[in-house]
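Below you'll find a set of structures to go through.
Each of the next two complexes has subunit A plus one other chain: subunit B in the first, subunit C in the second.
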Partner chain A sequence: MGYVAVTAGEELIERAEQLFEKQRIDDDADDIGVDQIEGQLGRLTAQAMSEGGLYAPRLAALAVKQAQGDTVEAAFLLRAYRSTLERFDETTTVDPGEMIATRRVSPAFKDIPGGQILGATKDYTQRLLDFDLADGSPEDPTAEWELDDEGDPERLTNVTELLREEGLLHEPDEPAVDEPNDTTRESITHPPERDEVLQELARGETGAVTALGYSALRGYGQVHPTLAEVRVGRLPVRIEHPYTGAEVTVTHTEVTESEAVVPVYEKREDPQFAFGYGLTFGRNERKAIGMTILDASIQLDGDDEPAENAEFVLDTVDGTDSFGFIEHLKLPHYVTFQSILDRIRAIRERKGLSEQSRVETDERPADSAVAGTSDDD
Partner chain B sequence: MNDLPTQRSRERVTMTEHTTTDDVLPDEGTPVATDSVDAALESLDSDGLEGYNYAYLDEHTKREVRRSVLKAVAIPGHQVPYASRPMPLARGWGTGGIQASLSILGPEDTFKVIDQGADESINAANIRRLAENTADVPTTTDTTEADLIQSRHRIPEEVLTDEQRLVLQVPITDALRTVDPSDAANRRRHAHKNYGKMWVHLYENVVEYGEIKISSRYPTMVAGRYLMDPSPIPRWDVPKLDHADHLTVLAAGREARLYAVPPHTEVEPLAFDDRQFTVERFPEQACHACGSTDTYLVEVSEEATEDGDNAFETRYACNDASFCAKRRKNPDLPKDHHLEEAVDWGPGTPDAPTDDAGTPVEQGGAGE
Partner chain C sequence: MNPEGERAIESTERILMQSFGRGSTECMVDPHDRSDRFELIAACEGATLAQFANDVLDGDPPLSVRQEPRPQLLMQQVRDPVERRPFNLGEVLVTPAEVELEGTRGFAMVPGKGERAALSGAIVDAAVAADHEETPAIIAALEDVAARQREQRRRDWSQSKHTAVEFETMEGQE
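And now, the complex of A and B:
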């Protein structure tokens, strides 16, 4: 069977997998532990969880390890695992005001209720390679800090609430159906509802969300938002107790939340801010802000700018989809390519461009382009 | 007018619901111990496939896919949305096809997987082993032995019967995508049976190139109602769908849509009176291995000729590897050798016109 270019079976697949696995252990360095990935490469696991739509830090660390650091592949592993899990229950809606924030900045106002919390960030550091990290021993730079017990964290009122109370914020239309549609269980038909847009953006690939959000800022769109606030913190996950009916907190998830206002005045007689929202699992401020811009852009529902077209954004933003389809081009395309060859040869022959015509030209009726019958003989 | 599914085809599909739908318990799926949290975590602690349900997907999901298939059969050529699950295969690599296959397969079925005509391609082998591992089905490479065939971009050369079902993997679900990327707009066009933009596209092809330049994914009317993307099967295979005895299910995973061509349904490629639908041409070529001149050939290699270092000759081979193997043993084997009466099965079969050399020339649209 030597004539099929790629003949293979299970053995070849297994060997390719084994070679891939060997790459991980090819040097003599210690095997990296799942704990180390979870603890030290939190941005990677956060990205995998956010794009995978599954909050499971330890599984995410395993996925990152298995994927050798490829975040989209790791997110894909999590999604494929998620789709085999039973759906036990739905959580009750949680108010982001409850967030136990470790970081919270409001670029819109200097003084906000609860105050600004700079938290852990590299935003203002100089981007110099720290060669001490290469073989340094870990030291806790905060060991000498004097910490006073400040008591329980304050409830942080959302900045947009202040604007909303003043009537400056455009309220989105009430959805026709108040129950959100889980887009992993029921596929989207266009045009999508806003809850579907937000779900898809929340699972969107970080680079794609960032790029499309940036496109609007760059000028391919009207949305240049002012961020009301960006927060990172923990939100409780609550379910209704099956027997008592009382709400029970079962765990917490780390999330990044972003809210923005956009000076686009929909109603001339009553100018208001448009509004955008972003929320992702884990710490990923870039993606949350990108999502915010895209949510605001999509609500404008424009036709001219890519970021304002919900179909365009949702069709391109999913990492698992784009990853799979882009990489499928590596599969054999013998059949379709033969078909394409047939068409281009036929057109070249008709135009007299083909040197070695596969079809005798003199057998074809001498006709104009349109008048002839079948060109095949 | 419209070829709605016949009684026979409906029975056929109902028979595919052999997973006893009524007995499905709501909590089937990954079994989880409920005695305590520790027990629950422990029960999820297994790896490998023993923790997965029969045929990988949980029964609810398979039932939902089957319902979508039934709806697709009831409205031939219409794209039915379904909740395409993330599969352990990459999207764009046959995830729609495998969801349809796993939902229809039962343990008594024999399964065949082909990718671009070959059973032995790596991706076909990968899909086949997923079905073997999770659905415990016997597999075959012989088209006539299979109850269910999943295929990427080919319809086998051997005639399919009313005992068989074909699942085609679909990358792009809508023929209109070529003329408008918007699904919202295209759904409106389908609702209104408004295919003017596609006709204009074909006309502009003829004006600009003298030919319709669409190679595969040839826009095709189903039952006189819906314009269908027949998946990137070559034009060669499109006539096989017309009034076929078998059920064809077309499934897209990434785009989460299913559609179907039920048995005995009219399938007609779009074409003009003065630019008829044509299949791929292989003038004066034959498979170098089996000598066939009535099968879909692909150029497989460039062989150096005796004329010098820079002279090459293109070799052709049958694309359908399984049928080619049979033809090598028996060069005169007809495509309907396993049937009692001759069946029209696209180019190279009884009713298909051929030129003097026996090369199929064209296949007019169906229902002429």
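And now, the complex of A and C:
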């Protein structure tokens, strides 16, 4: 498809943008601050960071504000910003087991070392509108908690790692390469490497990852995993100090991790579990679990089910790609559409349909004639 | 799940409980140590760093900026527990800076977009490395950062552990 530039009044385009900006302040309410968005709408900023592939909480809050709450637009703004920046380096590789967990549950095992830590969640309570939030003053419901001093955070051993120790998980071959491919710099060629799959899923659009993962559960796939654990916590961001050469921590990223086991005893001589894995920036358990299902599905390398086809999944999960392609349809297509019209008219002319159609439409009321033309499109 | 699978899981649960070892994530930090100092400067408030940088520059010592503070990216690499090979989780916004203060180099990197904090941090790093007269005050402030970090970490952990739960199965119960 080719693109042809169109012109319009620059002033009119500015007016449209001004009208968009006015919507943000179109009532008497106070301007919402970036601090408020970062502090109170953390799920939104997390989603923008995750889908933007850029961990920057404050700028994500700014992006959410600018996009008026449209997370995909906010992710786009973050990606646009990152494209203007140099890369300092890659971090040293961190083991997810180093996560300082604030929440960790295992649907697979009732008794897990370190215990089930519910953390901050409403998973086990009713989803009912809380009308007190509409105009109530915020109160800290944990203010009266009497906390035991639990000492320093424990490093919680991954459940799957222990399953592997017992030989219940497929032992991977030694990785062929130490340096992962970077899909932000090099396009994926199919079949993709596993590290490329994980990177693309990690920055996939939450709705798309959830929907495709859900498709596998709904029967369009073979994977119905049991989650070994779901964690939310902080992962260290480390570099080598340029003077000392020691690994040093710059900051931590809040992440959500999900691990799943998938029984494959019917498929192999040695009954074992296969793995699915999900890890993404911010608090987003829905996406991490969806990613886990897709990771496990893609490993089956099937052609019949969408979720098992890596090319299909990776071509459709990116929010910026899909947002751009879908929404570009709103932009002027006058030249391409004129070309299509000309072609269809020529075919109809050649087949003698145009004269016949004109006679028929002439006999109809005017509005039906318009509808008839539309059908030709 | 078939009986073989159930037995395997029961056995694994036992192994899990036996093999679990508690690992502390805590270690002592020393602001005189360059690597520790880097971490504390990264965690320090920008306004505090700026105040110390101003104090250090008060006497107008020779200062050259070796690396302008500009937001840059770190690609965070994580080891995938399935294949045990690294993958790129995503980029993290940071601002690094490097200076040379009276012949002593200083380097800092702060999370996010923080040009002023990064430049101030590099000056603070160089000042401590050169044993500038502000060093005791800087060290005290960075020790405060370390104490607050530790306290916050312990409080967060205690809060999370306050929600630790034991699920009970209800097999056989009406």
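Note that in this section the second predicted complex is superposed on the first by the 331 of 377 C-alpha atoms of A that agree within 3 Å, B and C clash if a C-alpha of one lies under 4 Å from a C-alpha of the other, contacts with A are read in each partner's own complex, and residues count from 1 in each chain.
Going forward, a contact is a pair of C-beta atoms (placed from the backbone, for glycine too) under 8 Å apart; a residue touches a chain by one contact, two chains touch by 3 or more.
Values in this document were obtained by computation on a predicted structure and should not be read as measured data.
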Across subunit A, the partner (subunit B or subunit C) reaching more residues is C
Of the partners subunit B and subunit C, which touch A:321 in the superposed model: first, second, both, neither?
first
For A:153, select first, second, both or neither according to whether it touches subunit B, subunit C, the two together, or no partner.
second
Figure out whether A:217 sits in contact with subunit B (first) or subunit C (second), or with both, or with neither.
neither
Scan A:311 for contacts with subunit B and subunit C and give back first, second, both or neither.
first
Considering only the touch criterion stated at the top, classify A:117 as touching first (subunit B), second (subunit C), both, or neither.
second
Kindly classify A:41 by the partners it touches after superposition: subunit B alone (first), subunit C alone (second), both, or neither?
neither
Going by the contact rule set out at the top, does A:85 touch subunit B (first), subunit C (second), both, or neither?
both
Return first, second, both or neither, reflecting whether A:241 touches subunit B, subunit C, both chains, or no partner chain.
second
Do subunit B and subunit C touch any of the same residues on subunit A, and if so, which?
82, 85-86, 184
Within the complex, subunit B is touched by subunit A residues 1, 3-10, 12-13, 76, 79-80, 82-86, 184-191, 311-312, 320-321, 323-328, 331-344, 346-347, 350-351, 358-359, 369-377
Per the touch rule, the subunit B residues reaching subunit A in their complex are 27, 29-30, 32, 51-53, 56, 58, 81-88, 90-93, 95, 115-118, 120-123, 125-126, 129, 152-154, 171, 181-184, 187, 206-207, 209-211, 213-216, 232-236, 254, 256-257, 274-276, 278, 280-281, 283, 288-289, 296-301, 317, 319, 321, 325, 355, 361-362
Per the touch rule above, subunit C residues touching subunit A in the complex are 1-2, 4-5, 8-9, 11-13, 15-17, 19-26, 34-35, 38-39, 42-43, 70-94, 96, 98, 105, 107, 109-113, 150, 153-169
Touching subunit C in the complex: which residues of subunit A?
49-50, 53-59, 82, 85-98, 100-103, 108-120, 142, 145, 147-155, 157-163, 165-166, 168, 172-173, 175, 177-180, 182-184, 194-196, 198-199, 202-203, 235, 237, 239, 241-244, 246, 248-251, 253, 255, 259, 263, 265, 271, 275, 277, 279-281, 295
